[in-house]
Amino acid sequence: MELVGIFKYLYELLADSGLPEVWVELIGLVAAAVMVFGLLALIALFLVWWERKVSAHIQQRFGPMLTGWHGWRQTIADALKLLQKEDITPTTADRPVYYWAPIIAFVAAFAAYVVIPFGEGLIVADLNVGILFIVAITTFTIISLLMAGWGSNNKYALLGGMRSAAQVVSYEVPMVVSILAVIVFAGSLSMVQIVESQELIYQWYIFRLPFGPIAFVTYIIAATAETNRTPFDIPEAEQELVAGFNVEYSGMKFAMFFLAEFVNVFTVSAIGTTLFLGGWQGPWLPSWVWFFIKTFALVFVFMWFRWTYPRLRVDQLMEFSWKFLVPLSFANLILAGLMKYSGWFNW
Amino acid sequence: MGLIKKLPVYMEKFPGGGLVTTSLNYVFNQSQASSLWYLLFGTACCAIELMATGASRYDFDRLGMIFRASPRQSDLIIAAGTITKKMAPRLRLLYDQMAEPRYVIAMGGCTVGGGPFYYDSYAVEKGIDHIVPVDVYIPGCPPRPESLLEGCITLQKKIKQQKLEDWG
Amino acid sequence: MGGLRTEEFQVNMGPHHPSTHGVCRFILTMDGEVIVRAVPVIGYLHRALEKICENRTYPQCIPVLDRFEYCTAMSCNQVFALAAEKLAGLEVPERAEYLRVIMLELNRIASHLIWFGTTSLDLGAITPFLYGFREREDILDLFEMTCGQRLTYNYIRVGGVAKDIPPEFIPKCRKFLDTFDHKVDDYERVLTENPIFVVRNKDIGIIPPELGISYGVSGPSLRASGVRYDLRRDDPYSIYDRFKFNIPVRQNGDCYDRYMVRIQEMRESAKIVRQAIEQIPEGEITAKVSINFKPPAGEVYSRIENSRGEMGAYVQSPGNSKKPLRVKLRGGSYNQLQIMPELVKGHKIADVVAIMASLDIIMPEVDR
Amino acid sequence: MNRDELTQYLLDKFQDKIELLETGRVEPFFLIKDADYLKSFCREIKEDIKLAADFLCNIGAVDTGERFEVVYNVASIRKKHRFDFKLVMDYEGAEIDSVQEIWAGANWYEREIWELYGINVKNHGNLTRFLLPDDWDQGFPMRKDWDAPDFKRMPEV
């Protein structure tokens, strides 16, 4: 069942209603935005619950059980509770910076979805520089973390913010370079065209030996760091920095950081799916189902990391990026270029 | 919060408004009760039992309770362990840093009333209700994880009886 | 350009901090992420146990001392009972000695499991914490069927033990020991070879043996620095001379070695318990001790090997009194916290956590 | 060395500076007659090859109701023996010498004695409050005659 048909039908209905074209366009865009936003909010809530369940089962527990069937209402309850909490602004805080930080984090997390294809034709806007747009937008998260660290006027938060800035800048490089390797092969920056170039399973970039798997692994490691998750969760290292950059945030502002974190996890998984795992491509099932299956599988991998590994120290983290991942990804990029140029393996 | 407090007053003026406020009340209380994030505050023996309650066999997470390290994000202090005179101002500070609505569980004899350190000790605060308002007392030295769970369920019952009008 | 102007700043770590194992506070002077100076501030759990003991009779002291070191409450019982027995020259029946050894070693395993859990938690791995507590619950079940308590046992009394073990204790204990070795293998699989864990612990917080001895560091923390010194063998108390066990020693004295020593110690303790339940004789479980136990005048310092190092109790009896004149307690953590400022200098803030975890510091032992 | 040899060796070595006490039940227990001699005594027992008391187990003060005693429990890791010694002093002007130079671990034990008993420690260098609250002003709580308004003694049964 392809959803795109339904949307097309609705859009045509709107176009036939006699409204001016500008309005049709606008209403279409707003509707798409609202739909994507709602979907992602749901996904984020689901992911929080899922993470708790996954962690619980890895740890031989049950996780939330009493709030609905297997605790399915748990995150809804959490969100409603956070809504009721008092909103505290520390007296020493830098007010505007403190106020805007979670909002920027939230918006940046959601904005990336403009160019992510959820299925064949299910994309808000197919920009011809799609992947560049995503890389640019996700970088906003760092700014928000820095702002949160600075604005809270708390030493732990500041340390957390500084760490996250250093970390994300370091890992942005291998991540982008590993993405570049794919782009070299696909010959396009548009997400849709990247997906279309991997129609059959052996065309998925993860299976294009030898550069594909290396780029994929580099990407996954860098993405874990980008989303501040264990083993790279030093910005909010609970045992060192209490809660890192969000130590002073309460109530809804904290919820925004919390949701943004999970949306980011979904984003990097979705990008990973699109770039390496063939996006919506797959037999029998509708395209959007394939997309979600692959993305959730990747999300599961991230959760698996989180509940297995200890945390790296901040300098070791930097060393790992600059001394290992960056050279590796650049070498890989050259390899991909050579392969593309020579025409080997170019199936 | 002011808006929510006044909401019932306005709502009652409309037909069916009462129903809306009651169900709103119900939903809010339910969500608050089933998502009590507790502050990681353990000082002595009870902290080990608190950890054991969070671990696999008893599993706090079943009740939707997870720990937060920052007082800003937690709803509940489980004061686990002896509070000494040196520690008492810190407990008050942590309580003040928490966002409303906030709750306190006094876990163990020491926090209820001095416990085994009531006599002959010059350093122990005899009960934390001198310092912060306490919602649930759990006696025991240390209380078993089952009694801690029971205490938390009691707190949930208390939360579920709240009224929107009482907020503030 | 004259270079960037940097400034030292102070971070207050604790007393309420997720990884200070209770309520220890560090005032850290930092230069960026590097620690220049660390000043421990203690006393947030000072409960005046020693003062309380001065106004309690000898049997009454034992439940109070359970709270001295709650992770290994059996040891606290044992060290005080030992002191009182030495004062009065009491002989403890054979079976009671065996029961004591079984309980002490099981308690050592339980304590090391708490250490294992909190260490992994401090390094950011949450799952091993729950694995450690899973096995600990099995041990607590054994304690519970013996004395009815999970944490503060009041089991080892002056002259013997409080109760005999129920008949189902030994089969259950055997079952636990049979699976426990595999469980330790599991723990090792999760952490020992984990590259992140290794890189976080190797060459961090090295204690040179001379410095360690001078500061009074003892137990596993000292054995990791290459000093083969275990009171169970070198100053035998109870009946430890009857069992065969190894004393794990490592040479580097860094966090990783302390980790390895403790992991191996769990296996050795299991070995001791296995031997003890094979050999345990029938008989009395307590010597005749009157409720008005009055040891003659004298003073004694008894010490045992606890999971955190040497645990000692100095007891002075005024003679012809039911109450001790003075009880002074010594815990391994007291000295291990004292050496912390030396160890953390020049390390990162994340290493403070790792070092503290590897020394297995627990605050009631420090503050009393 | 066993107990008797150790006792004899110590008595021979230090002659009239120390005295064997009857109160020690298990290990040899000595009284150091001259408080000023403490530091040299400690240095001697640490540096003597046969004694090699390199490990300081514990330092504790005692208020007997008539006087202060400061008890040192030392052990040797190499020789695997242990013995104790103590100092006796009056309430007035109670003072001990710091032994930090010999055993670095003595620092906190001495600080504790100063804080809880009010026995002054010479050459310590860092006598500040650490177990009691920073604003404590009720004297030295471990003394037998100490009392405070909210301090309750357990009633006799």
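Letters are used for the chains, namely A, B, C and D, taken in the order the chains are written, and counting of residues starts over at 1 for each.
As a convention for this text, contacts are C-beta pairs under 8 Å (C-beta built on N, C-alpha and C of every residue); 3 or more make two chains touch, one makes a residue touch a chain.
What you see is a predicted model; the values in this text were computed from it and never measured.
In terms of the distance between Cα centroids, chain C is separated most widely from A.
Rounded to whole angstrom, the centroid-to-centroid distance between chain A and chain B, based on C-alpha atoms, equals 35 Å. Chain B and chain C have centres, each the mean of its CA atoms, that are 31 Å apart. As a whole-number value, the distance joining the C-alpha centres of chain A and chain D reads 63 Å. Between chain C and chain D, the centres computed from C-alpha atoms are 24 Å apart. Looking at chain A, residues 59-61, 238, 242 sit in touch with two or more other chains. Taken residue by residue, chain C touches two or more other chains at 17-18, 43, 46, 48, 51, 55-56, 130, 134, whereas all remaining positions touch fewer.
Each of residues 55-56, 69, 86, 119-120, 122-123 in chain B touches at least two other chains. Contacts between chains form some other arrangement here, matching none of path, ring, star or all-to-all. Pairwise, the chains that touch each other are A-B, A-C, B-C, B-D, C-D. Remark: chain D residues 131-134, 138, 141, 146, 148, 150-154 touch chain B in the complex. Of all the residues in chain B, the ones that touch chain D in their complex are 85-86, 118-120, 122-123, 126. Only residues 41-43, 46, 48, 50-51, 55-56, 86-87, 89, 211, 213-218, 227, 229, 234-235, 297-303, 310, 312, 314, 316, 318, 325-326, 328, 330, 334-335, 338-339, 367 of chain C touch chain D when the two sit together in their complex.
Note for the complex: chain B touches chain C at residues 40-45, 47-49, 51-52, 55-57, 69, 81-82, 84, 86-87, 90, 94, 116-117, 119-124, 141-142, 144.
Within the complex, the chain C residues that touch chain A are 9, 11, 17-19, 33, 120-127, 130-131, 134, 190-191, 194, 196-197, 199-200, 348-353.
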